[in-house]
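Okay, so chain A shows up in both of these, paired with chain B first and chain C after.
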Partner chain A sequence: MAKSNWLGAIRLGLIGGVIAVLVALVGMVEVFGERDIVAGVISMGQTLLVLTVLLVGYITASRTAGSQRLVGVASGALAGLLTSAMLVVLLLIGKAVNLRPVLINASPVLYKILTFGQDTGTGVLILLALGLVIGVVAGIIHWLPPRVRGAVIAGLLLVGLIGLLQDLLRVTLAPFPEVSKAVAWMFGSKGQKGLSVAGAIVVFTVVAAVSYLWAAQGNNLQRRVRALPPSGQRAVRWGSLALAFAMLLVWPQVAGPYLSDVSNQVGLFILAGLGLNIVVGFAGLLDLGYVAFFAIGAYVMGVMTTTGGEIATNFQWTFWEALPVAVGASVLMGVILGIPVLKMRGDYLAIVTLGFGEIIRILAISDFLKPYEGGSLGIVLVGKPTLGSLVMETPQSLYYLIFAGCLLAVFISWRLRDSRVGRAWKAMREDEDVAQAMGMNLVTTKLLAFATGAAFSGLAGAIFAAKLSTVYPHSFTLLYSINVLSLIIVGGMGSLPGVFVGALVLVGLPELLREFSEYRLLMYGALLIVMMLTRPEGFWPEATHRREFHEEEAVVEPVPSSAPAP
Partner chain B sequence: MALLEVENVHTYYGNIHALKGVSLTVNEGEIVTLIGANGAGKSTMLKTISGLLRPREGTIRLAGEEMSHYKAHEIVGKGVVQVPEGRKIFGRLTVTENLEMGAFSKVDGAAIAEDMQRVFALFPRLKERRHQLGGTLSGGEQQMLATGRGLMARPRVLLMDEPSMGLAPILVQSIFATLQQLHRAGTTILLVEQNARIALQVADRGYVIQTGEVILSDTAENLRRNEMVRKAYLGIS
Partner chain C sequence: MLRRALERFNVSDLSLYVVGAPIIALIVVGSFATLRAGHYTTRQWFDFIIFGLAQGSIYALIALGYTLVYGILRMINFAHSEVFMSGAYAGFFVASALSRSKFLDSNPVVGLLVIFAVAILTSVGVAVLLERIAYRPLRRAPRLVPLITAIGASFFLQYTVRGLFGSQFKTYPTVAILGGTWTLGANFVIQRIQVLVIVAAALLMFGLYSFVQRTKTGKAMRAVSEDKDVAALMGIDVDAIIVRTFVLGAALAGAAGVLYSLMFRQAQFFMGFIPGIKAFTAAVLGGIGNVPGAMLGGVFLGLFESVGPTLFLDGLKVPAPYQLKDVIAFTMLVLVLVFRPTGILGERLARAKA
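Moving on to the complex of A and B:
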């Protein structure tokens, strides 16, 4: 037993080391080293390494949970030490041999960060000592009683988050003098980047305290809600929904133009995600050409409403006149592209739809259609949506349009899911042949899924065109389809709240962390891999999928066994 | 007039001639069995009746109405319901959800709930396990579920494909006891079996099919006594 503990710690330590070396060699430590989380104490690049060691130490400690606590802390320390030892190896090799011709990020700056500006010998010692200490800290965190542990983790996370989003916080909170004064204090002097030490301590203490108290009270509250009669519970549920609704309504007023614009991008992905969720999540039809419908929505909106540019069309409709046409065209295309793939399943369907997506993009960029939709020059001066005399131009006003679109899509998805059609989709997702033998019409069921998905995506595309005022073919690449698919995988296939979570994580976060956009796809990939390994059902899964991945936990109602098994 | 009439049906898989002019009838309230060796064309016959395969020639009538131009899902609506070979239940759905899927062609919620209670009365074991995932049921329970799912559609004719497949003798007995129970309640059943012995015990009449052709048809009792059947299908010399 004890021996396997140490072997486990060594294994995890080495895995952590590989991750840390990788993070260093892709240049993240160096690039993020310019941004301090706590000024003068720790940069973002260092935070990444510390986080790796913390995680490795914590996981190691939790693996040994069965045995003594001290063993847990010690194995955490061992794992931490090994992780930093791997960095030391990188450092020593790098100092001896010039790695740069192959690994361009193995730069003197990286070595300087890793040795903390000291000479190699001292640096190595500091690095090893830090690995050990952080490993111990991770072990101790795991050792803490759950509520304290939760509080400490919450505190650390929030310090990290505030440090990460400091610019944004400063800008957003500028209009509120009292708050911004407090914020200014938290961040110390103006020129400095990152939280001040005192600020970090205050944030940590406050968050930890609040989280500690909340853990106590929250449990209490939950218990009390559960004790309510069903009608009361329903009231609580509707109440919290109404509260969330109200908060979403005032959000752009508080958030300002930049955050509103980010919200709008997230919102458009939610809208498209809800559509693909019907096709892939509900009906199980893997569609990789989903961008086609988004493009058609955008192009129809562009062509119908544009008031200038090079193209020959001269409709000059208003946004509201063009919107139904745009959505209708997408639906029509959904059906037209759906018919040839009616008999296809799985991989074949994915490949063919992928082809459709590319065909639409290539048509859009072609000279053949250039007179009608601008070709590679695109469409400019697309009409803006209006409401009475108000022209929706600012991100804040567009927010409400997108919000309304999302609400409509959520409502339709929700009603469809629990309807006859929803059940047919579910059965078809499980087994097409049997679904047919149960009396489901596969043709209409499939086409309905494609059409509904296309409608949502077309709506998103139409709003997208109006929001940007322009339509360019380069917006409609395969990457868009992959993004939408990833967000529903991350959120949880077939789950409505999952679409929101997925869009926030995969679209919202990267938008807020624009300066690191170089690493966007890397993080995407890493996140997807980690998700598939640890939580394949998504962050907020739908019941059927949760059951599938956690079969051993499936609820079997304890019924007093009646008649013996026949 | 028989409830189900199959007349001179030819079914092909590409150019494989799987059914070569099969005719059979099933009267209201009867259990009729179709026995034959592996690959004789039994499943093909059931799939042709339920519209999953199209006959190239021949007619299939339900209560006098020509069925061959209806699609598979429409035929379910007409009351011809198949319990497929190898159960084919929805593994990732619960027992209750599986049963609900069986009632897809029905819209009356109260009637569906009533039917479900009837299925639970027939298979108390399913009621105990109603929240369990279909895929985690034992083979016998899955057969019960597949049968129950078929019954949820309120079939006029229930087509059962090898319900005994892969089950222990005691479970086979219990499944067939259930079939007899359904029979007494007036359900019409066309039963495909390799286990000729037990099929001929419960059935009223039977057809013997060999390489796509009916070679013998008689009452179950006469078939049990038939020399050829005894030799080839009952293993008695």
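Moving on to the complex of A and C:
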């Protein structure tokens, strides 16, 4: 047993402790404590602390367990103990000194959660014992064979997820009384939140079993598909695409209004993400002012179709008449804003585009343009899209509009990707000077990228305005540009499926957790950091990018084959 | 003659005429109209200029942090605005404790020095942690990756501070010796706090400039920003120099945080955002990676923001021109970059590396 193992465990334990204390002090434990994962057993706030200890124990075990498994378990236990010891320190300090004037969340409620409602002495002992036990559990999980480990982790994750989203599940199932009655036992009784104990056990067992079997059989299945002739493989691929398409078509009917609305927001971000993916992912032009085109699309739609009569112009067009104008205006703006930045590169481009975004927002809020677009009051009564006699008002019907928009954008991006223009964009992304030397016209190539990106964003903005039926300047902040940029990078730059994954993770998940909105951006920030540190190429990278990120491995690989045998 | 001019005409020169010319025309017409109307007295113009200088000095201090880090890592340290904010927060807690114990009234100079010291230490701590956790593992990653971690770190720090200390504005205590004004003449009255801000910022910037130019560490920093690998071959500990760069930038940001809060008398978790963006704009305006450029850019931006709305727009009968001060700031940026795509002083670096 090396000494460095223990030192490493102590270090990780202390880091974990700092994280746990921070989680407690920013108020997450207390706020999330109101919601149970498993009714009456464990709340979400406690889950957060347990997760911290589990993670620290697991990482410690995986770092030290190289030689002996027992050492891994022991060091996991040590790290777990230290993490909870830091919470004990917080508890003792908090009981002795009133921290509240500075740290507003160091409240009696927090201390009560940390001591499990017991007196300080007993609470401290329970806390320490739990830290030790969870550390041991983490060590044991690491000890398990990989397939079992995967199954256990999947089971735990899903229990957490279902417990978290159980409100939503119940609401969604409500229109189907047979189903909701059949699964009623899974959830806590009336007034309780979270899964029932039996429900948690069943969910865990089922998920773990499925995951175990999948790990066993999944590879087999993949191999069998790969063994098919090319035509068969293509049939499988088109078949699964068609299945996904059909599922997406019926989704709003099953999901109900709330989930449809969340899907709509994700869809609008996908639409904008596909546009920015062309500008940043394909053409490599870092645009931080992407919100400008979204805003222009929304404002043109608002001004053209509003029936509110509070602004000087009075067009009262229908949605479909105004839509091409809105998209056209965005494209025009894309070209106009593109011209001055033609010569700028890298970060100069980033800050100037950021400036454009801010200029548009401030102009929209100012009194200067108020007579034409409502100023800080915005535009109300924006026209709703219609289809024949049907007015698209419900989230479910708007879903199809957004779905059609996304399909169009995906189709255009997909066809552009390997076209002449698409290849020119990629050449420009890799090296602007070389691309120019090869005879490419940088001016038109860049302007085309800006214009296409602006068109998608303008479309998203126009639909956004119609969806909310209001346009407020406060929707168009820098945060929007940053969100879209983050989602394409988290998904995998330049990759079309990546945009979907990124939007689901960065827009869909936070939207579902809206009641914890205070901590949304905190977790968002932490997620971005962790994501970039552990998987910088994104969830679903484009093939060329994946190679770039694993360049070293690719170079190292051929060496053993050419080297003489020892 | 005409043919040669046409041959030399480059499509990207178009931007000079499409964007540059109308903006300049608008500025000239607006300024003439405002000055001819004469709604504003000399004293008001003087106030605008002094306020612009004070604001600009703070931008310059923050901009130096951006520019130093950019010069070495070629990375936009988006979380720098939160380093600034954490300095202001630390300063607030010390200031309110000192003011409650009446120490700030009895020994104002010592008290202020303590406030600055704690703020600077906090900012430095945050920046060093940031570098260690979020940036160092990504030294060799593509450029957008550290930008995204920086954005993530920025959100994380903002909302951690909000979670820890609450979202309401914290009101800075008043410091008696900083209140009041000095009269330099009939039309020239200047607030003491503005004098402190301008003088302190000038001293700090002078200190930084001589540090970078004169000391051995400064020399090493310049070497690392020229070429990391060669610098490492010359026996420079690149990681240590990078940490020191972050320390320097953070120290200036911490001081700027206290100065800003003393001037506007408040601190809040979101306070770093706008000054951060402006300071970054200032750094780019001056030519990013260039130390004197950041100072020049900061003061330039502060002045235009303060004088610009009234001077350019009032004469054009634009309602509430002060709302548009950020538009003026960013328009200035576009204008400067249209004519000098690499900033006022940023020629050398941008051609080689940007």
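As a working rule, the second predicted complex is superposed on the first by the 549 of 566 C-alpha atoms of A that agree within 3 Å, B and C clash if a C-alpha of one lies under 4 Å from a C-alpha of the other, contacts with A are read in each partner's own complex, and residues count from 1 in each chain.
Operating definition for what follows: a residue touches a chain if its C-beta (ideal position, glycine included) is under 8 Å from a C-beta of that chain, and two chains touch if they have at least 3 such contacts.
Keep in mind it's a predicted model, so treat the numbers as computed, not measured.
*Asks:* I'd like to know which partner A:L533 touches here: chain B for first, chain C for second, both or neither.
*Replies:* Once the two structures are laid over each other on A, A:L533 reaches chain C alone.
*Asks:* For A:V434 in the superposed arrangement: first (chain B), second (chain C), both or neither?
*Replies:* first
*Asks:* Name the chain, either chain B or chain C, that contacts more residues of chain A.
*Replies:* Comparing touch counts on chain A for chain B and chain C gives C.
*Asks:* Have a look at where A:K426 lands relative to chain B and chain C in the superposition and call it first, second, both or neither.
*Replies:* Only chain B; A:K426 stays clear of chain C.
*Asks:* Could you tell me if A:P324 is touching chain B, chain C, both of them or neither one (first, second, both, neither)?
*Replies:* Touch partners of A:P324: none, neither chain B nor chain C.
*Asks:* Starting from the residues of chain A touching chain B, keep only those that also touch chain C in the other complex, and list them.
*Replies:* 548
*Asks:* Which bits of chain A are touching chain C when the two form their complex?
*Replies:* The contact residues of chain A facing chain C are 22, 25-28, 102-105, 280, 286, 336, 339-348, 350-352, 354-356, 358-359, 362-363, 365-368, 370, 443, 478, 482, 485-486, 489-490, 493, 518-519, 521-522, 524-529, 531-533, 536, 548-549.
*Asks:* Can you check the complex and tell me which residues of chain C touch chain A?
*Replies:* The contact residues of chain C facing chain A are 11-12, 14-15, 18-19, 70, 76, 93, 133-134, 137-138, 141-146, 148-149, 151-160, 162-166, 277, 280-281, 284, 288, 318-320, 323-324, 326-327, 329-331, 333-334, 337-338, 341-343, 350, 354.
*Asks:* Touching chain B in the complex: which residues of chain A?
*Replies:* Within the complex, chain A contacts chain B at residues 420, 423-424, 426-427, 430-431, 433-442, 544, 547-548, 551, 554-557, 559, 561-563, 565-566.
*Asks:* Which residues of chain B touch chain A in their complex?
*Replies:* Spelled out, the residues of chain B in touch with chain A are 50, 52, 71-73, 76-77, 81-82, 84, 88-94, 97, 100-102, 104-105, 107, 124-125, 127-133, 136, 149, 153, 170-171, 174, 177.
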